[in-house]
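Can you keep this structure in mind? I'll have questions shortly.
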Amino acid sequence: MNAPRLLRRSRPAGTVSGGAVPGGAPRPDAGPPPGVRVRDLTVVYKTPLGELPALGGVSLTIDPGTITGIVGESGSGKSTLALSLLNAVQPPGRIAGGSVEVDGLGDVLKLKGDELRGARGRHLGYVFQAAQNSLNPLKTVGKQLLDLGRSHGVDDLAALVRDARALLERMGLDGARVLDSHQHELSGGMRQRVGIMLALVLNARLAILDEPTTALDMITQATILRIVREVHKERGLTTLMVTHDIGVAAEVTDRLAVMYGGRVVEHGPTMDVLGAPSHPYTQGLIRAIPRLSGDPAEARALPGRPPTLGTLPTQGCVFRERCPLRMEVCETSAPLPVRREERTVACHAREPYASAAGRGEHA
Amino acid sequence: MKLFATRDASPAGRGGRTGHTGSADDVGTADAPIAPDPAGRRAAGRAVRRRLAGHLVRGLAMIWVVTTISFVIIRNIPGNPVLGQYEALIERGMSPDQAQRATAALYGFLPTGSLWQQYVDYLKALLHLDLGQSLSTPGTEVTTLIAHAASWTILPVLGGTLLSFLLGVTLGVYAGIKRSGKLGDALAISGSLLHGVPQYVLGLLVLAIFTTLWPILPAGGPVDVEFTPGLNGPYLASLIQHATLPVLTYALASYGGWVLAMKSSVATVLGDDFILAAELRGLSRWVLFRYIARNAILPLFTILALSLGMLFGGAIFIERIFNYPGLGLLLVNSIGARDYALMGGTFLVTTVAVIVANIAADLLYAVIDPRVRTGGAA
Amino acid sequence: MLPGGQGGARATLRRNFWRGVGRVLRRKPSRIAGVAIIALFALMAVFGPMLYPAHLPRDDNALYAAPSLAHPFGTDFEGTDVLALVVTGARYVILTGLATAIITVAVGTALGLLAGFHRGRWDTVLMRITDLQLTIPGLPLLLVLSTVWKFEGPLEMGLVLGLLGWGGIARAVRSQTLSLRERGFIEAARGLGLPTRHIIVRELLPGMAPYIAMNMLIAVTGAIYAQVGLFFLGVLPFDSNNWGVMLNLAVFGGGALTSAAALPYLLAPLLAILLLTLGIVLVVDAMDEIFNPRLREE
Amino acid sequence: GTTGNTSSSGAGGIYTTIDGSKQIDASAPINPFNPQGSTFMGYDAMSLGWPKNDLMNPDLFYPGLAGSWSVTPGQGEVVIHLRPQARWSDGKPVTSEDVRTSIGLAYTQGGSAYTVNSGAAGAAADITVVDAKTVKITQGSNRSNAFLRNVLSTVVVPAHVYGSLLPAGFWTTLKTAQGTGPAADKAKAVITGLAQKVIGFSPPADVSAGPFVLERINPGAALLKKNPYFYDAAKIVPDKVKVLNYTGNEQIWNYLVSGKLDNAPFTAVPAAVMARIKATKGNEIRKGYSPVAASLAFNQAHKPYDNVHVRRALAYLIDRGQLTRVASPEAGTPAVTTTGIHASAAKAWLGDGLAKLNPYKVDPAKATKELKAAGMVKRNGLWAMPDGKPWKVRLTVPAEFSDWVAAAKSIASQLNDHGIDATVTTSADYTLYLDELASGKLDIGFWLMALGPSPYNIYQRLYGSANGWSLLAGRLRHSPPGKDGNWMGGPEVVGGVNPGELTNRLNLATPEEQKRIVGTLAGLTNQQLPVIQLYDYVNTQFVNTTRYTGWPPAGSEALRLPAGVWMQLGMIEKK
Amino acid sequence: MISGTGITKTYRQRGNVLGGRDVRALRGVDFSIPKGGAVSFIGESGCGKTTLGRIIAGLETYESGEIVIDGTPMSSLRPKRREAEFRKIQLIHQDPYSALNPTRTIHQTLEAPLALRARRTGRPSSWVDDRAEELLSLVGIDPGYVLGRYPHQLSGGMRQRVVIARALTVDPEMLVADESVSMIDVSMRLSVLALLKDLRERLGVSVLFITHDIATARYIGDEGELYVLYRGQVVERGLTESVISGPVHPYTQSLLSAIPVLHGLERPGRERVVPTEALDERHADSGCLFARRCPFRTERCTAELPELMRVEEPPIGGLAPLPEAPGAAPHEHACFHPVRRSVIPEEAA
């Protein structure tokens, strides 16, 4: 391994340790990275109390070539959103409405059968939340790779293996050995990298990572985050990264969407959102993060507790019960996302700041 | 046998997956692969051998205990073989005097000496795989009788178990995947019911249906003696005809267990993350099905091995009902005749079959599960 | 020892429990049917013999009578009503089942808890014994044993069956105990200095209740089958009406499998066994939900 | 050919039957000395003669390998004339040497005529080969009237197969053994030491002098093929015989119902099944005399059964007709009364005397009187012991015998009707049952009796070892109740008569004397009731006339013999 | 109140197909936690934090070393007494989901230890309910709301508070919080930390805080001490602020470098230390345990095992020395080449 010994960084983006790719990972074919437009996406889960919305009309635009982070507390609907991008919401869940347009694919929600299956893996790379267990325990990584290739009609399997090996080596692993290993022979960090490899080896250009570093050690987490960043750039991807750890999102993403109770409450460039949060939830959240710098005494927890499907208000703003800026209108009407320059915020209290042109994203 | 004591080894009893999940090894962040270097593989081979050795030692110890228990019980069985034989001879028309002398000659070689001495002799002979001479079939080695009977037990046991395994596993996959559907429910309920019903009830019903109400199959016996044994059509046809009902009963009796076990195993696997992950990678349906089936069937193989061992001695009801000359019937008959040696031998062989099956199951697991094979988590 | 206020709280809890049970049962009609079947057999066992005179009437002119209104399942070789035999025979059968279940569960749970809770050498020894118990094939052993042991009644029968059948539960309880031990709440209870009795009875056992209850039901059925099977094989002495004896007499005495005359005599106890199995299968299905407060709700 | 009897080989066809005397054990050696051996009496195992089923005379035989025989008065000497044409299935002739070797082998097994115990009654003293086809056997000094029938029952095996089992000098050793002293004891040990070798001897193939020879055997059946060298081969019709195995009676019923069997020996059959069997085409029933009866036996060492009044009371309460109807409607006739003898034989033995015996007709009033006489008391409608303790009548039967179980249940029900608390218990199997009986654990049990035709055999069941009288080295001894298998526990002498002694005398007595003794014993038994005779068995043979005819008629003396003997007698014909 | 010297612990992993493998979870750890003090253990996964925490709470045995509670060496006590001593130290589990019995209501959970105490001390039984309510109020939840409920009906934060309340039923002198907030939602995490801090201040309960998230270690109060563990060894310790802002050991530095930077709020630290290799427990045990991964290793590091030593004054790096409060715990490290590096992010302007 020849990772740099001491890496000095001044800015997060771009300063990767050169493009020296060991083994020469294949460059994806030319063409711009895809953009994604999610419109009014509603996903409901069937519960004993009836069908409850886990996503309540989410609209989100992911610009091509960016790394977009989706942050939110447990149960805010992040995974549901990520799965929806692949039209893969699991029962008892059901996509109740909306659309997910992906450049080059069209509306993913309209895809069916083999079309959909082909899109998964080939166009849409998904790195699983519990990557620890995302491999078939009975097969070696290599065999699973071949399964993947055959399922997608890849003719040149040897080339696929070569690509995979190169990709693994790019991420600092001994490719041949890893391909020859079973899941249990790999450590958590290695499995996560294998997960990334399997998501990208068919040249998917949209990478969706659901909590890629949860359950990993700090140092390993740092490594994986670096790899995500580098691979994103090298392969020209559009990346969506779901995490509950704002720090992780802050470290790698260009843009950040904050979710609460199945809505995107704020969306904008990471630096801006963190530096000057607009939505009271974002503000509260950031203030609640334990940090290494600054005065610990200033940190505050958000009052109340995060909602669950059952406790989510069906009317008005989902955040109002914990909101310091709560107003009367919040009881009755749900705030619409309002776009102002690069930022989109969904809050009644913030509406005066919205520009006249900003109703709705990309209106 | 599907009575109560073996519930645990019957398929549904072990429905869950044998846990080979996280261990301390998974905790570390070691980025170095843990095994697949040649030294590791060799070590794994050694480990499997050591595992085998350990099993053998434990198995032998268990055999010894079982031998002792059976010796003690069997030597305490009331009922004297001499008396039984005597009355039998009398009924055959011998004079009392004659019958008495004949039995005396017959049982002239009943074990003598102190119980302790008998025990020591018994163990010594066992070391030479000598189970002694049968009392009810004088002059015949117990091992010969057992070998003959075993060959008859194997046919229906193996046939029935494999049949039900194939059927049960196939339908179990279906029931597992369509868990919430009507047909899945029906499969599960029918599985539970068949699993729950004792063998003899099934056997009697099958017999009543196919020989009394609708007599299309022979009611019992192993094979028609008219045909020369060997690989000829009539002989084999007769063999199959006679085996049909016992095999059917076996299959019915164990089918339910397989359905339930497979269903719950499939349900567990379906809940595993890697299945969703595979789906999200766009793997084809067929590959996905293989992933599910292979992972789900893994724990069932061990149960299969175990149940084969168990069924070996558990064929009593079926063999009694269908007059099938296997080990179970041998045991029943030997008890009736107070044939100590045969009784002890049959019981021992039955138990050893279970112990061997246990070892086999464990080794089988080591062979088919890479997690055990290459020594990840154990 | 218990303050009054808490007793009240406990009573409420209990009420909630039963309300939850009701909810769980109502969720599927089949479960209600299962409970009804089991209740029917329980009633049969308790009150069945009271419905008939101590010595069941015979009808010398109706040996092996065909099913009729008076005799829904016909009569036996003596002209006694088969239904009456099934009803009055239930007590023996079910009593054995219960005795077995209690012993199996008591011994199995105790040993499983002991092994799982104390680990170490205790565990090793107990588990070896359990292995042995599980390894020795039950039916052959029972056959051999039934010639040594003169079973003098349902309870004694249950005792022996129980002593032969605790292994499965012991192992299940042990592994449950081992896994629960790792759960924080057991450790916390120990850290708080709560007595072992409290830990086992109040903290460990409730979590295992579904397991134990399920095993208990399975043990009841297992014992009933084993017992009926042994009677059927004719290796047990009988001194009262018993389903197994009926099977034996129907098949070996009445030729039920040869002529249709004794078929009802054979089918009646078979049906009783099937019905009981069905009831137990249906109830076991609900067991997990009954004991899990999370599943009990809503 | 598993359903119905469709297959046939050759003109004679396959004759299907079962062996009533034993279950087939395919691993047993083809050796008649082995009790489980794969040989079948009358088919491939031959004795010198075949006993006729006479009511009184046990010495009547059909000729077997012995074409004829002569016997001196007092049975001192028996001369056997072998059939001149008799040959083994390998073509060698059957000679006197075969007989001698067979007798030598019989010595190793022990037997009444061939015993090395000096002084035993009815022991053979000398075997002389007169010529190739003639053998002379002389009886020792302690004579028994059973000598002839014992000699004629000798099973003959080929010397060229079995001869090697007898060591050189065997006959000298035998002579020594028949003496007394240490040398004799040693010689005895040598001879009995051969027993196991003989039993275990397993010839590679069957060599038979009978009409058939074993072709193949499996756990389900044995297949015998015709022996072309049989002396009367022309009389034998079937080409093959298939002997089916069975584990329980219900299998025989099944075979019969499906019309598979050409004949089946006596089997207990429930009425409904009998109806089905009779309904099957060709099935017929041949009933004959069977010297067996079922009885309820008392352990007189247990109270209150020591009291003859109690026994009589029970006899008055049991409706034998009803219980026979329940237990054995086809193969049993209710006992007319308790004599110890099967009803058919009783008429012959007792003549008018039979009518004079107490018939013990059902009579609750008499029963009550008897019970009162015994001091029993009635409490709350239930009879109790004289001391007021409850009286529980426990009837025990082996679970294996379904007719006994049914009979016992019927008796219990009847007794219950009359205020006696009776229950039925079963023992797991016959062996265990006999053991429990012998060890005195049971109060009342079922007992086979009246095993004729020899009067000694008949009364030995009541006044033999089970009741305390045993023969030891030729001398009769009486053991007290509870000792040496004396479980009946009756008195040694009753009314000045020692029934055991009388019974033993039957062995030696002349026919006239026998008649007198039997009369005495019958009267005594009727009065004392050591057992209550319940029903007399009827030898119910099943035959099927679709393939063969010529069956022995009802009541025939041959009816108890295996069908192989019927064939030898030229009875079976192809239809 | 509790201190330990030379604690070692080795796990023998049995049942592994590869035979027994020994995991040296602790290799001679010294620690001392003053009354009312706050100590944090940090380190990579598997470095032995939990093991040490459990040993301190009396839930785990150890091979050698001595633990002294309030001046009494534990090895001198009989098991019963030792248990009683260790009862002063209560463990708060990482996972509030498994720390509460799902089949028992909160009332039942709290009642059991309180009733036991009431019986022991002869208090009236009414005290039990009163005290339960009191404790719940103390940890900041409404007793009326939670008492009758089952754990699954509560949020993670509430459960963790119930767990703390349960620990308080025995009036402990110290709480061991093992990753106690890692499974609670971010928005509530701080409130539980604040509760611990509050308990420490108001009740004088010492807190042992085990975490891999170094930032949270700052939140349990002033004068907190930080122990950095690596493969069962303490490699650096000192006042929390001192270690965070001026780490000396390269391992501490890599841990701090790995913490993600909240761009927008923070600027990355000027330096960054990245280990050259991933952790492999099978690495040789000779010399400095971190040597294989250390970017600064020298030959001495692979040959010799460094002992804990005080950070020398003046500091070797180019940074200004940190003022060390008199009487406070000294900043110590186990490295042959100590250099302060500024690796943690700085507040954005």
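By letter and in written order, the chains are A, B, C, D and E; residue numbering begins at 1 in each of them.
In the analysis below, a residue touches a chain if its C-beta (ideal position, glycine included) is under 8 Å from a C-beta of that chain, and two chains touch if they have at least 3 such contacts.
The chain lineup, named per UniProt: A, E = ABC transporter ATP-binding protein; B, C = ABC transporter permease.
Source: prediction; values computed, not measured.
Asks: Per-chain Cα mean versus the mean over all protein Cα atoms: which chain has them closest together?
Replies: Going by the distance between chain centres and the overall C-alpha centre, it is B.
Asks: When contacts are scored as defined above, which chain pair ends up with more C-beta pairs, C-E or B-C?
Replies: B-C
Asks: Roughly how many whole angstrom separate the Cα centroids of subunit B and subunit C?
Replies: 24
Asks: Averaged over CA atoms, how far is the centre of subunit B from the centre of subunit E? Could you give it in whole Å?
Replies: 53
Asks: How many angstrom lie between the centres of subunit A and subunit E, each centre taken as the mean Cα position?
Replies: Distance between chain centres, rounded to whole Å: 32 Å.
Asks: Counting only Cα atoms for the centres, state how far subunit C is from subunit D in Å.
Replies: Centre separation, subunit C to subunit D: 47 Å.
Asks: If a residue has to touch 2 or more other chains to count, which residues of subunit E qualify?
Replies: Those would be 44-45, 277-279.
Asks: Could you say which residues in subunit B touch two or more other chains, in rising order?
Replies: Residues 28-32, 78-79, 211, 219, 320, 335, 377 of subunit B each touch two or more of the other chains.
Asks: Could you tell me which residues belong to subunit A and also touch two or more other chains?
Replies: Answer for subunit A, listing residues that touch two or more other chains: 187, 189, 217, 219-220.
Asks: Going by the contact rule set out above, which residues of subunit B touch subunit A in the complex?
Replies: Where subunit B meets subunit A, its residues are 25-26, 28-36, 272-274, 276-285, 287, 291, 294-295, 298, 369-371, 374, 376-377.
Asks: Give the list of subunit E residues in touch with subunit A in this complex.
Replies: Subunit E residues touching subunit A: 44-45, 155-158, 185-191, 193-194, 212-216, 218-219, 244, 254-266, 268, 270-279, 295, 344-348.
Asks: Which stretch or stretches of subunit D touch subunit C in the complex?
Replies: Residue list for subunit D touching subunit C: 248-250, 253-254, 257, 269-273, 275-276, 322, 325-326, 396, 399-400, 402-403, 405-406, 409-410, 413, 416-417, 423-429, 432.
Asks: Can you check the complex and tell me which residues of subunit D touch subunit B?
Replies: Touching subunit B from subunit D are residues 1-3, 7, 9, 14, 21, 23, 25-29, 31, 34-36, 51, 108-112, 115, 146, 150, 192, 195-196, 199-202, 216-223, 240, 242, 244-248, 251, 254, 258, 292, 400, 429-432, 434-436, 438-439, 448, 451, 454, 456-457, 460, 464-465, 471.
Asks: Applying the document's contact rule, which stretches of subunit C touch subunit D when the two form their complex?
Replies: Residue positions touching the partner: 55, 58, 60, 63-64, 77-78, 146-147, 234-240, 248-249, 251-255, 257-262.
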